[in-house]
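Below are two complexes that have chain A in common, paired first with chain B and then with chain C.
== the complex of A and B ==
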């Protein structure tokens, strides 16, 4: 019986039928995946070598010209820089904030599930709705300004979405509002997995709460933090909806991201050849980042995971 | 966590509550502002942007509810989410079955091939997808939005389903085979019912992802009668920007479906996400 099982379904003995079966199960997913993920990527690479408005036939071959233009365009460099800042701010500010809150809230308390529910609400709202909500409350003299004035902080009121130096950071605050609850809940789930005995043992051995945090809690939370960081970085690289609705990347590109630059060039300027070269740059960044992250950061987690599965 | 080792005094939890409540306020106030301001008139909002409704005005809400646009957008979003979810869960469950339970050469390669899709978020691929959909004459069609959404959902769905399918004991498979069950019969009658919790998780994830998708509908659907809810809400807020109260009411109403669905599915979402992270 075990020998039969190792070949797959016990009743299937003949190799030919087995492969046919496997193919039949996997084919629908492969077709859908190939047509809507692989084909667009390959086509995008093809189009990216042309100057093309999306309507006429592809004739104007420009080689690497689009790529050269993109990397030379200050507006695109600015957009890339914004994505980079976003990654840095997510890891540098959202991570400690979410971790801190998770650690503080991770104890028996009344209304725990209610708080969990509330923290999670922004994550479920679409970025589009979040953008519209904040567009309203960030209006000059709107909820944010009025609140600041009422607590005596009227002096720091700014044109949150019109100030060139400020607008991107305003958007970062909105992004944090939307995604911090997800991080907190993820970290809380990770904390639940740390055995209480470890903390008690550390306390008996005379560890301060800071040492316990530094040498027990954070290392054991490592896998959760690494997965969160991966999601946060990929999310930062592809940010679009929120920016597009709140500012369209403006004013004057001050809040642009690579994705808003791409859509702006493609749809608004009808430079589809050029815009697909930006898409290819975006793919490549995601691709290279993910591979490097897998190799250097996630490998040990995954290695542990598979050996556990095999065992 | 209920069994904290050390007994604490009644007030030692105070900082915990302060932080939790402060955070809850930060989450709730922007949403509450939008909901409540929808009960005021644009004139009142302009005169005093932050105030409670007095008197309560309901015509912003009734106006949106009575307009066909809102309901059509809810319907479009529901159609897209339903097609995308049925497709992605269907094809991914079928694919996850041999990837979880058959031994064959190239199995891990195929699995890796699927997981690579995670590297391409739909926003990054949106423009090339739009060009492809145009060639396939699927632009201006809800199917044209749903099909790519399903495709981009395959990686995470396969990743979540595979370990659950692997965990079903081999003895059940042997027993089913002895009883004359075909491999598809085992998949349909034994495996799927046993992996129901995981199926629910991926269904919920797929519905939420589709419901919230903005960039693909933005590029593909230009005709207002085809708009999905996020696209409709965003366009409403720019087109009727003078009618602040109307925008707020429209926004509030478009939050409701997602919130209702979330309240209904919360445990499963949170459980599923932490489960996925724990591996």
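== the complex of A and C ==
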């Protein structure tokens, strides 16, 4: 017994040491994460139950009142709808467009790197710069209007940013211009990873280029597309800078997003409790979506990787 | 094990020490001053360029020269950043600036309620009369919580040449005359009015002004206290706005036009002769100046007050206006802070505010320092007015003021009727 104990203790001690070691190594990261992520999130949830202007102490507890107001406010519902449309348009239009361009510039041809560069440049610009440049271009009688008029298309000139039915789609075009380069670069990288032998084998079997695209390229590009879609959806839900600079979410809320609505209520109206509840809603949507996407869509791409350590 | 414990403890201590270090550094600074009397006034203001910035830097130096134990540190900010973000956050923190820009009205009421500003009444009593009625906009329950240094009124900045071209011989004095002028300008193929619809508050000027011209003084004064909008004059204000909108007097795409940025802003359109007039505050020449090709205030620029509405309950000549002031935060050392505000309103400083066209001085007897002919006209209107209503979005508590701006912008976009505008403002008032 004594012998057994004397053998067991060092093992336990080693175990203890190991955990201490782990704790010491991860402590800085955990502390940082807690202080800058967890605590603010919990605080935000706390604030969201109060009516609060930021000056007086937190005393006016309203329970779920802020949440009820948000979901009941037509302006917020309109903003949510805009985010939804943006998600749909990103997946429905940007995906085929980016894929098409990626396939084009993936072919061996003269000036290929130049084209890649050109498509990627907008992504390097900050959203603020993009917004200001397009503000100038889209002014009434600005570059876009002048160009259309000079080629005899004056008839389709619109009030791009002032037309309530059009402004959101104008913004979508600017967003696409800015972010399409990122999708193209991702897809190009994905295409590089498809073994050439597969295409050759398909060609020998007499597959048309369309069949090759449908049954080889797209399925093998799947993981890349799924990652891009994840980033595009999260980006669409959180869209703020570009809209704020170009339209402030207007006119009359025609180009609002959840984030512009939140800033309008929080910073401009100083309804900080209410705006925080909007922030919590925005956070929850992103969070739940991320988790579900990880579980149902991305899992097969990372199987054996980070999600299942035991393999 | 000992070693690991030591490391863990050390890590913890280092981490905690870092936090302690930060906080103690923050705490040590104020107490580490040389003598007991020496104080520093950190001063947040919105004059971030030009004559205003130079003047405030000079004023800080002069005050220190006269009061060697008080050091004034001016910190300029861009106006909207200061008003919307910096001040609210700083007031919620433990380290607010000592002196900060204050626009009066509903935000000041909220600051007083939360004990964020100091009562200046006893300090300013000996001299506050020298700025006359201007002081009223910065009082809450009869007590002075901030001091204005410049007060102006909103009016039409117009292009004399375009008016002449359209055959308008004298500036409109009444609402029907304004309508007639708009029609004449349209007939001459001139854009009558530029408005910065993107920013929303310029839309609200029309609604605010028509309310000021339609409602009695009592109704107006009670509105910011009771938030009762049952008097029919509020609805009427929106009806008159609608009458104006139906004339389509604004530039193409006015819903997306910013008020102040670039040559295609509403101020830029007037400054470059692309539109005949704009309803704006006394600051407008300063906004226009950098937007013209030669960086000069255009020579054709003139000013006239908002026309009266005949047969209304309002006193003729009632105006919409507002201004800039300063207040002392709860942390500011007294009486140094109050003395500093007194210096800002001293004749010497007030005259320089006028002579540099930085603002419209409030101290009686310094009006003659204003030499710019347009600002003289603004000042004359201010002096002759029986009642100056503070811009309603400032007069109201922030959330209600913003709801007003949004509601009028909705009406300008064709998304709200006059009745809905009143209903939206009243609904925002109920939320408080």
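In the analysis below, the second predicted complex is superposed on the first by the 282 of 311 C-alpha atoms of A that agree within 3 Å, B and C clash if a C-alpha of one lies under 4 Å from a C-alpha of the other, contacts with A are read in each partner's own complex, and residues count from 1 in each chain.
Basically, a contact is a pair of C-beta atoms (placed from the backbone, for glycine too) under 8 Å apart; a residue touches a chain by one contact, two chains touch by 3 or more.
Note that the coordinates shown come from a computational prediction; the quantities given were computed from them, not determined experimentally.
K.L.:
Does chain B (first) or chain C (second) touch A:28, or do both, or does neither?
P.N.:
After superposition on chain A, A:28 lies in contact with both partners, chain B and chain C.
K.L.:
Contacts for A:139 in the overlay, against chain B (first) and chain C (second): which applies, first, second, both or neither?
P.N.:
Both partners, chain B and chain C.
K.L.:
Under the stated touch criterion, which partner chain does A:167 make contact with: chain B (first), chain C (second), both, or neither?
P.N.:
Only chain C; A:167 stays clear of chain B.
K.L.:
Touch check for A:264: first (chain B), second (chain C), both, or neither?
P.N.:
Only chain C is touched by A:264; chain B is not.
K.L.:
Which partner, chain B or chain C, touches the larger number of chain A residues?
P.N.:
The partner making contact with more of chain A's residues is B.
K.L.:
Looking at A:159 after the superposition, I want to know if it touches chain B, chain C, both of them or none. Which is it: first, second, both, neither?
P.N.:
Touch status of A:159: second partner only.
K.L.:
When the two structures are overlaid on chain A, which partner does A:107 contact: first (chain B), second (chain C), both, or neither?
P.N.:
In the superposed model, A:107 contacts chain B only, not chain C.
K.L.:
Considering only touches as defined above, state whether A:16 meets chain B (first), chain C (second), both or neither.
P.N.:
Only chain C; A:16 stays clear of chain B.
K.L.:
With both complexes overlaid on chain A, does A:251 touch chain B (first), chain C (second), both or neither?
P.N.:
A:251: touches chain C, not chain B.
K.L.:
For chain A, which residues belong to both interfaces, chain B and chain C?
P.N.:
21, 28, 54, 136, 139, 141-142, 267
K.L.:
For a test of understanding, state which residues of chain A touch chain B in their complex under the given definition.
P.N.:
It comes out as residues 1, 5-12, 18-19, 21-22, 25-26, 28-30, 32-33, 35-37, 39-41, 43-44, 47, 54, 101, 104-109, 111, 115-122, 124-129, 131-137, 139, 141-143, 146-147, 177, 181-182, 185-186, 189-190, 192-193, 196, 199-200, 203, 223-224, 227, 234-235, 237-241, 244-245, 259, 262-263, 266-267, 272, 275-276, 279, 282-283, 286-287, 290-291, 301, 305, 308-309.
K.L.:
Under the touch definition given earlier, write down the residues of chain C that touch chain A in their complex.
P.N.:
Going by the criterion above, the answer is residues 1, 4-5, 7-8, 11-12, 15, 84-85, 88-89, 91-92, 110-111, 113-114, 116, 197-200, 251-257, 262, 264, 398-399, 402-403, 406, 409-410, 412-416, 431-432.
K.L.:
Give every residue of chain A touching chain C within the complex, in rising order.
P.N.:
13, 16-17, 20-21, 23-24, 27-28, 31, 51, 53-56, 69, 136, 139-142, 159, 161-162, 164, 167, 247-248, 250-254, 264, 267-271
K.L.:
Enumerate the contact residues on chain B facing chain A in the complex.
P.N.:
Interface residues on chain B, with respect to chain A: 1-6, 13, 15-17, 19-20, 23-24, 26-31, 33-34, 37, 49-50, 87, 90-92, 94-95, 97-99, 101-104, 110, 114, 117-121, 123-132, 147-148, 150-152, 154, 158, 163, 166, 170, 173-174, 177, 182-183, 186, 208, 211-215, 218-219, 230-231, 233-234, 237, 244, 247-248, 251, 254-255, 258-259, 261-263, 266, 269-270, 273-274, 277-279.
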